Structure formats: structure tokens, C-alpha cells
């Protein structure tokens, strides 16, 4: 419903119950792929689960703790991108985490990279964050490519940190600082 | 931040803390005019009050009970338009109330009429409401003109119903039904 | 339990769990008639439902937002009368809504009119309301007679406003202002 | 407002904000006497404090945990009587405590004894309690007389149990069982 | 986990989920004996129920309203002892209640008496209580022996006060005052 | 109050209001040193602030989300050690963070290393965690020595991640996995 244009092909919309059917359809169709990396997939078994997730994400937007969007490509809902955990602890610099997934039918078109560029504008521009970071399984190459292409810096490897379907995975941590983002614009 | 284009001049954006300064500036500059009709004006004395109002409106958006937007005209924030009270009682048909105000510097350009047309799409289209109504003081001619121009039907006069600054005012009630809205498109 | 005498035949008592059996018995016996106008009837299927309604009404009495009474006629519980929605919005004059139902076995004895006279004293006298209003389906003649006999003024017709069992009904709105009530005593 | 007649002279009314002025006037006028036995007296310094107490008592009535009444004698508000702590622990028989105070100008007329008789009917009759008890300082003779006159049984002395104004006092415990009450009627 | 040594044989530990299996095993094995005096036994049918009880007791420790411990004898968990109801009412002297149970396989070794001596130190020493009391069924001789051996004073008999499995029982009340405890050390 | 012995000199006690005075005295005496690394120090200006922190830590112990202890050395309270953030997100392996500070008068005696050894037993033994990690400013050499001496592995450097008194600091991340801890015992 309410959105921001990224370019002539791509836009992001703040997630809303009217997106529930399309989101669930993608999740369900990509279930095998997504279930390798995304633990919530096993709790997303019906459009009702998706609707509950959306209500929770809207609540967090109101709390100023998350900004969860769906991605449109040529008018079709194709993925999800979110700024997460924006409520920091007192002795942290202001920072947020990026999370994202994309319908496999729309891979290799630069859609996620373009959508995330807009989310960086939101995080650094509207929420005054100092640092935005991405955590992804070291074995998830496609996901790790995103921060590398966007100029994020690799900060380390969290050992046996992610747990999906009983499998423990190491995680790469990448970050972009405000002044790096400003310099790159 | 997140918005919907109405036409080449007008757009609406879901209200967000980043709008606080501009909203308060208009409220403060139009204080004399607004205080005749809007009771909240006396509690809106600083940008902090505006920020608290915005946080409350975002919460109601997450609850699916209100949709509060700011109106942009040629890129300038000029007003506010909202679908209110969308959580109905069990034996009411689904209905919502429209509330609105506009910077007096931008009167007479059809801005509010255009913004409300989009809000009607949201109310009838995304929230499946059967009826949208407007209540305005009988003496507030400019405000009463809006529903008349948009094809709303006058349903009655609520006697001594509105209370602003100790003055009791009669209120006109106008409504538009879903099938009337669909017929007019 | 705790009550107010209206006249030698009629009294009202603040609703209490000890009324649950008698209330449910009337609701159940009048189910066909009540279900035409009262949407809650379909959720009132057992004395447990009635008990839950009573607990909720007692809570609202404590919140000063409702006063729900049962009506006694010659010592027999015969109906319900309530001042509802007493917590007003900031730019409304202080007002409350009257709701009521009566066992059909006790129609045509002026019981409801007498009970409501006492409720008006409570609303205008103990809660300092400026306006008390009644909303009833235009087709519910018996219910619409009550405000007419009590000197309420017809303010308008809310189109397709009430929804009972999937049927949309127009609603008459009647009101009595404090000065009208005082003049009539 | 809502009440129960005890006899031609005495009645009890469920406490309501409309009683606040009269209650505070008595508390304030009897401050020296009451402050010997009632610890809350020091926190009851204005009619606002009384109003807050009344709101809290109404809440507990809605919770079915207390029944707080004011006593009227020949139409004048003269005291307070309450069934307290009606929410029992799982391994207690159902029981409640009686608390009371009376304007000293109305002592020696049997008013409290009569009011309490009605409260016993409420406790044993409407709330199905098995036991009603009274705890009062052993030095408070007037208060200890009440349970003795009403047939309560002395169960023991709680040593250094009551604390008022830094003074520790022993407390008499009296109780009346349901079958004792039934036998006495 | 976190504990206090009483003597070379006995210690008490603050209750923790890691105690759940051992606690439930004792409760289950002593079910016939315990069910005569302890009403909660019928709601403790699985280790899950025990775990829920432990979580609730930990919550009350955080609230400073209870201190619930398990008793170890020569390294084996053998019983439970708790300071209960430490949040007093405004006109009570500061006081708490002692509750306890012991695996029947460990009776007659003075374990409970030793454990309670430490709990008295906690109640009078760390929580500054003026009075610690015990309430037990007059027919529960073993339980009544404990306060008698520890120098508690008998204050009275609460008639038909305890309810277990539909049986109403009289209760002995014993108490120990701070100055009595200090004098006995 | 409730504690665990580490060795003949060192023990840890679950934090309790009775520790408040001693904790605040250390914080206040080490204020200059602590304020370089610990952001909460500026909000800890009185023993009341310490008491509020303790109440909050007790609440988190009850929630199973934190275990906050004070460290005793030869009977003197000398520091604080805590397992933090034990409530993990769904797709994380079970992990907790270690936080700690020590009165500078007791540095260089191995006290913290010994206390942490016990906390690792608690985290891996009683809470079944897979990973325990430490985050400390790269410039805080004394603090970084601790995980190095205890066999933790360095996982990376979080750039400009810690914010104390307006200074952004890089942070070292160290972790110990369950199987590493088991192998080292």
C-alpha cells in the first residue's frame, strides 16, 4: 500500500495485511530453498501464519524497532527486506541488522541490491543509525554476495552461531558504517 | 517516508516521526483558525506533543484501527487526512470516519478533495469498509463543503454534539456507502 | 442485589452474577424476537456466556464507562437497561447511549419507559451528561416508540448502519439534551 | 446510588464517586479518633484521596474480591462497611473479612450492628462464603463489641499484629461460620 | 544451584528449574501422605506442573514476596521450605508465613527443624520481618510439632479454616516474634 | 545470600538487595576507571540506583534470561559477573554473553578468572548453552585478557560498535563452544 519507488522497475512497500496472500504464495513455493537458511519457515504453514507475522512486523514499525518491507518488481511482489533490531542497548552505537529473501524466480536481476540501497537510505537517513550489519551463513553464498557487492566490510566469523533444522552453521558478519555509506553515495 | 501518489501534484504519506517538525510548524502557524474547530490544538504546544501524537497514530495503524497520513503538495507537507475509528462494534456495519485539516496557505486548490479520494480507495479497497462518514460542525462551512463535493449524503444533525473551547456546536453527519462509491468511479 | 426503586412496581438493580440464571432464561426464551435486533444474541448460548457478559459489565461500571442494570417488575427480573459509552472523546459534549431489552411477556405495561426515566436521572444527575441518545433500527417500531414517548428529538437516519445476521438496517437517532430533560421534570 | 434497605432507618449503598464529599467530611471530622485504629487515615488528606479509594473499591467489586458500602441513617451518610479479601487461597475455606467505621456522632444507636447483619446476608447469601471474620485491636473495645454482640466466636489473639502510627497492637480474631449464621436467623 | 549451608548434613538451595525432576519424584512418591494436608498436590500431576510452580516461585523471589527453597540432606534433595506472603498489608506489622514439606523417607532426623532455623535467619535477618507464623491443621501432628520445638507461641485455632479434598479442618496458628527469636539465639 | 563456593577464597552469590550498599560503594570508588568502559556507570549515582539495578537483575533471573552474581573474595564483596541475554532468537544456537567488573583493589589475583570458571559451569551445565561469548573494547586490555586466558577463541572485530561517553570503540568478540569447554575440563 504505502511505498517508496527505488527505480523504474523496483519499489518497496511497508508490509500490510493486503500483502499476505502474495507473501505466503512465495514462501510456500520456495519452501525447500528457504528452509535451508530461514528458521521461521517451519512455522509459516498457512496464510494465517503470514498474517500474524505481518501484524507483528507492523507493531514493530510502530515501536520504531523494525522496518519490514515487501519488494515489488515490475508491479509483482517478489521478496522481503527489513531493517531489524533498531532498538539498541545503551552501550552500543546505534545500529540495525538487514534481513532479506527473494523469490528464486527473480534471482540474478539485481533486485535485492537495489532494494537494499533504498533501505540503507532509510536506516542512515530517517533513523540516524551509525552502522548497519548483515549476518549470513558462510555456506549461503548468494546471501553473502549481497553485502560484498554493496561495499560492506567483513568483520568476522561467528562460529556455530546459526541453527536451522538442527544444523549449526558458522555466520559471516558484514557491516557498513555511516561515513562509509556517505562516502559511497 | 512511505507514501502513495495521488496525482502529479498531490501525494499522501503514512505519518512518521520524520514529519514532526513540519506538522508542528503548520499547526502552530494556523493555531487561531484550527482552534475554532479542533479540540486537540490546545494540547499541541510543542514539537514533542506532535511527536507523541505521531507515535500514537503509528500504533493505531499497527492495530488496524486508524490510517493517519500527511498530505504533500508539490513536495511540501500541507495537511493531514485520516481514516479513524476503523474498529467497529459488533452490530455496526463496517465503517470509518474521515478527519482532516489543511494549512490555510493552501486552501482553494482542491488538495483535500484529491487526498480524500485516495483515502476512500484505501478505506473501501484495502479495509473493506461499507461506509465512510464525516462529522463536522454545522458552522464550519469549508469543512462541510468537502463531503458535499465528494457526493456524500447528509444523514442528520447531531445537536450540541461537538465541544471546542467550551462552545457546544451542532454537527452535520455525512456518509458515503460502498455501492455509492463504486457507482461514482 | 444493589438497586434503586422506581415506583411501587418497578425497580432497577446493578447487574451482578446472581442475576445470571434469570437473565439467560429470558434471553433464551425470547431468542427468536431478540435475534432480529440484537447482534450479541448469537454469542449468548449458555448461562456461562451471560456470566461473562455480567463480569464485563461490572468492569465497565467500575471504569465509569457503563451502568448496566436489570429491571424488576413486581419482584420478577424482566429486562435490561443500560447507559453505554459514557467515556467520551475529547471534542464531544458529554453523552451516553441508552440500550435496553424487555421480556416479551411483559410488553405493554410501561415498564421500560419507567425504568428509563430512572436511568435518565442517573445519567444526567450522577454522571453529569449533557446528552443521552438512542440508536434503533428504523424497522424496530416498538423500540423506536420509547424515545418518542420520552420526549427525545429525532436527529437523523444513519443509512445501512446496523448489521444483524448479515442484514444491514437503517437506524434512527434520537437524543435528549440536559436542558430538555430538566424542563420536562 | 444503588443500595439495599436494612430497616426503616438504615440502608447501605454500594460506594460510588458521588459519595466522595460526604465520606471525606466524616473521615476528616473523625480524624483523631480514626487515626488510632485505621492506618489508611494518614493517606486520606483530601477528597481526591477519597475519590481514588472509591475507584479502587469499585474495581474490587467488579473483581468480586470486595463489597464496599456506605451506611445511611435516616438519609444521612454516617459510615462504611465492607466485605474484604473475598478471593481466597486454594487451601482455605471460602471466607471474607469485615471492616467498618462509623461517624462518632452516630455511635450507640445500633447502626453498625444492623448494617453488618445485611452484609452477612450478602456474604453468606450472594457470595456463598463459609466463614466471615473480624480482626480488631484488643484495645479497641467499641470495635470488639460488634462481633461479640453478633454472635461471632473468639478464635485467638494475634500478637503484635497490627501496626498503626508505629504502635504494634495485639489483635482479636472473631469468626462466624455459615451454619452458625443460619442457625441464628 | 545457589544455596546456603545449614550444617555438615543439611543445606537449602533457592528453587530452580534444575530441581524439577527431583521435586516431582518426591511429590509423586509421597502423594498419598501429602494429599491429606496440601491442596496443591492434586494440581501437581507431571514434572511440567512442577516446572510451572518453580517458575512462579522464582518470580515471587524476584518480587521480594516469597523465598522458596529446596532442602538437601547429605547431597540428596529431600524437601521444600518457604517464606511466603512477605508483602504485607499497610496496617500489619511486617510478617511472613512458613510452609514446608519433607519426603517421608527422611522423617525423624531433625532435617526440617534445622532447615527452618536457617529460614528464620533469612526472614528476620535479610527481610527485617517482625513476626513469622505457621498455620497447620490441628490434626497434622507432625507438622504442628515443628513450631512447638522451635519455640513458636500458639496464638489460637482458626475454625474450619483449611479445605483439602472437600474436608474442612481447624488450623493451629503459631508465631515467633523478632525479639523472641533474638533472645533464643 | 544464596551462593556457590568456587574455591577456598572465592565464591559467587546471586545478587540480592542486601548487596546494594557494598556494590554501590565499589562502583562509586572505581567510578573513574569503570566509566571508561561501562556505560551504565553514569546512571548509577546513588545506592537507590544500585537497588533498582538489583531488582531488575532478580527479575531477569526469574525470567531465565540472566544470571547476575556478586563475587566474594575471602568474605568481601569485590565484583560482579553475569551471564546475559540467555533468551535467544529462534535461529541462533543457544548462547549467552559474559559481563563482569572487579574492584581495582583486587586486580591481579585471578579472582575474575576463577569466578568465570564457575559461571561457565552454570551456563553450559544448568542452562544447556552451546556457546558463551564476551565482547570487550579492543583498547580494554585487562578485560580482553580474561577470555584469552580462559581459552576463548577470537571471532572478529566489531568496528565502532561500543559507545561510552560519546566515544565509539571497536570491540573484540571471543567465544567458547560447549565442546571446547567440555574438552578443557
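Observations, loosely collected:
Should a chain be cited, it is by its letter among A, B, C, D, E and F, assigned in written order, with residues numbered from 1 in that chain.
The rule is simple: a contact is a pair of C-beta atoms (placed from the backbone, for glycine too) under 8 Å apart; a residue touches a chain by one contact, two chains touch by 3 or more.
It should be emphasised that the depicted structure is a prediction, and the values quoted were computed from it without experimental measurement.
Contacts with chain A and chain C are shared by B. Chains that touch both chain D and chain E: there are none. In this structure chain B contacts its sequence twin chain C using mostly the same residue numbers, the overlap exceeding half.
Using mean Cα coordinates as chain centres, the one most removed from chain D is A. The centroid of the Cα atoms in chain E and the matching centroid in chain F are 33 Å apart. Between the Cα centres of chain C and chain E there is a gap of 53 Å. Mean C-alpha positions place chain A and chain D at a centre distance of 62 Å. Counting partner chains per residue, chain B has no residue touching two or more of them. Arrangement of the chains shown, judged by which pairs touch: one closed cycle in which each chain has exactly two touching partners.
In the cyclic arrangement of chains, the order starting from chain C and heading towards chain D is C, D, E, F, A, B. Within the complex, the chain D residues that touch chain C are 1-4, 13-14, 16-18, 55, 58-59, 61-62, 64, 122, 126.
Every residue of chain F that touches chain A in the complex is listed here, in rising order: 38-40, 90-95, 130-131, 153, 155-164, 168, 173, 175, 177.
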